[in-house]
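Encoded as structure tokens, the structure appears first; notes follow it.
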Amino acid sequence: MRKMLFSWIVALSLVLFGGVSAFAGDVVKTLPGDITLAQAQKIVAAALKKAEEIKVPMNIAVVDAGGNLKAFVRQEDAFIGSIDISIKKAVTARYFNMTTRALGAVSQVGQPLYGIEASNNGLILFAGGVLLVDANNVIVGAIGVSGGSVDEDESVAKAGAAVIK
Amino acid sequence: MRKMLFSWIVALSLVLFGGVSAFAGDVVKTLPGDITLAQAQKIVAAALKKAEEIKVPMNIAVVDAGGNLKAFVRQEDAFIGSIDISIKKAVTARYFNMTTRALGAVSQVGQPLYGIEASNNGLILFAGGVLLVDANNVIVGAIGVSGGSVDEDESVAKAGAAVIK
Amino acid sequence: MRKMLFSWIVALSLVLFGGVSAFAGDVVKTLPGDITLAQAQKIVAAALKKAEEIKVPMNIAVVDAGGNLKAFVRQEDAFIGSIDISIKKAVTARYFNMTTRALGAVSQVGQPLYGIEASNNGLILFAGGVLLVDANNVIVGAIGVSGGSVDEDESVAKAGAAVIK
Amino acid sequence: MRKMLFSWIVALSLVLFGGVSAFAGDVVKTLPGDITLAQAQKIVAAALKKAEEIKVPMNIAVVDAGGNLKAFVRQEDAFIGSIDISIKKAVTARYFNMTTRALGAVSQVGQPLYGIEASNNGLILFAGGVLLVDANNVIVGAIGVSGGSVDEDESVAKAGAAVIK
């Protein structure tokens, strides 16, 4: 029979912390101000709306301030290969706090950051990754879009990013 | 200056095919019957509803019939480490056409498939991955949930899977 | 002693579902219309015939609509290093619904998708990966060939792809 | 314009070897006696015949004496996750010159080789990988089968291996 992991941990916590469980909600687990799922869903919805307007099926990924995946959708007929690209675009934008277009510009052959894509388990160096900056001017994550031309991808990413500005 | 990929290819196609674009929608890019984004979003919504009911923050991933990611959400305070686990649970379920609970049962120490998790770039062997079977009795993908106890995870996955049955 | 996995699961199913096995074939496991092994074998045979005609030993890989390997052969004296290349060519073609030649053209130095090969665990950007489009105009997978010049590779891939058109 | 890789290499060879191309067939590229594609195809055909007899859809992989993939097929409805497992079974058998069943027996918890699956980018420790030994008693590769119970897998692998003994 399988034991429940957390029941066990909670029980252990009770022993270790004298009855005050580390899982009782008294610890803040997420940085205040980080992107919420509700925000991410609004961003994804706005990006989907734009993708439908321009009639290009897209992969859309949102990462939080820590660069970790928060939300993702793939439309019908969107490239399978763009699952990874859209996520990497969002990660790349947040990891370097600029658009993937901007990072790409300084990473071309002969440019200062040439070869940077070999780091971080793969970066993407073309447009479609855009920072998510909230109303308080705080970077709360990034959105990455892949499926069309790089300009189309970026227009969809910007449409998503616009809703929390 | 960056060229637009598809404008360029479409233009090339027009030249090559005498005005008949290879991108004019005349090729079916997705196998008929595969999970749609609308279905995936309904599944995710149902799973989120269950997660809120049981008050456990979850990572929820949906893959299509080919095992490729279709939709993903992470709730506030859900484990960052469960992003990968939820996706791998969905992939594992589809890759072996059974729940991760069922695969786990035969992969324990002393069981026939002991060590199977060393394959496929990592499998998950505990509950929370469930097949998505549509109204026509076709496997159209899988859902993977991670964030609580394995029983909680599986209950959320089943709540999601139930909506397309 | 090792137990038989499925006998065990079927037995369990009989207990759980009161005699109605979940493994009784009542669930459709493959999306209707996906490439069959018979088709893949015809494609491989046609590609092998072409490879023999041009006297270049080849690696030939076929993936299905989900981008998962369906069939593979390596001829005598074909490069060992081309096992992975031929498979990645097929995957690349399907992941972006175009030939690897077309994707390569827009991924060169100074082109829009420069650096894309850092995604998806490695893509191949030169000719030899071709889509498999069936008589109903549905993309059912892709073929990747590696072993000769890129033009030779592509001619063999096209010879394979032609048989299911 | 794309240059042909091999034309270039042949030209280079002519310079380097005084007119005698390294590609003129005067170098033996494959160890005499290694498995041929014709043999691999006979082995795969025999394995497929057995799989059809026992009515279990299988993934079947053949590697050569160097442990490199020579042939592969996946039947309709065979597990997607067994692509990797069947190949790893064949590789595991050849890498250690024994069946995966035999390696598995000495790699269980408490056994001498416990944990060995963490090496070689993943090994498989259950039955279904069998050596290919030819009429001269030479190991010329291995066959790996995955899709059913481990006993079913091994019976199909043995049916394949039998044809070149």
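As written, the chain order gives the labels A, B, C and D, with residue 1 at the start of each chain.
Everything below uses one rule, namely that contacts are C-beta pairs under 8 Å (C-beta built on N, C-alpha and C of every residue); 3 or more make two chains touch, one makes a residue touch a chain.
Model, not experiment: these values are computed from the prediction.
J.: If you match contact pairs by residue number, which of B-C, B-D or C-D shares over half of them with A-B?
T.: Going through B-C, B-D or C-D one by one, only C-D repeats the A-B interface.
J.: Does A-C or C-D have more contacting C-beta pairs?
T.: By number of C-beta pairs in contact, C-D is the larger.
J.: Starting from the mean Cα coordinates of chain A and chain C, work out the distance between those two points in Å.
T.: So the centre of chain A lies 30 Å away from the centre of chain C.
J.: Could you tell me the distance, in whole angstrom, between the mean C-alpha positions of chain B and chain C?
T.: Result: the chain centres lie 21 Å from each other.
J.: Determine the centre-to-centre distance between chain C and chain D, using the mean Cα coordinates as centres, and give it in whole Å.
T.: 18
J.: Which residues does chain C have that touch at least 2 chains other than itself?
T.: As it turns out, chain C has residues touching two or more other chains at 2, 4-5, 29-30, 66-68, 97, 112-113.
J.: Which residues, counting only chain C, touch chain B once they are in their complex?
T.: Going by the criterion above, the answer is residues 2-5, 8-9, 26-34, 64-68, 97-98, 102, 106, 111-113, 133, 136-140.
J.: Once bound in the complex, which stretches of chain C touch chain D?
T.: Spelled out, the residues of chain C in touch with chain D are 2, 4-7, 29-30, 36-37, 40-41, 66, 68-77, 80, 83, 126-127, 148-152.
J.: Touching chain B in the complex: which residues of chain D?
T.: Interface residues on the chain D side: 79-82, 84-85, 88, 104, 107-109, 117-118, 122-126, 149-150.
J.: So in the complex, the part of chain B that touches chain D is made up of which residues?
T.: Answer in residue numbers: 66-67, 92, 94-97, 109-110, 112-116, 118-121, 123.
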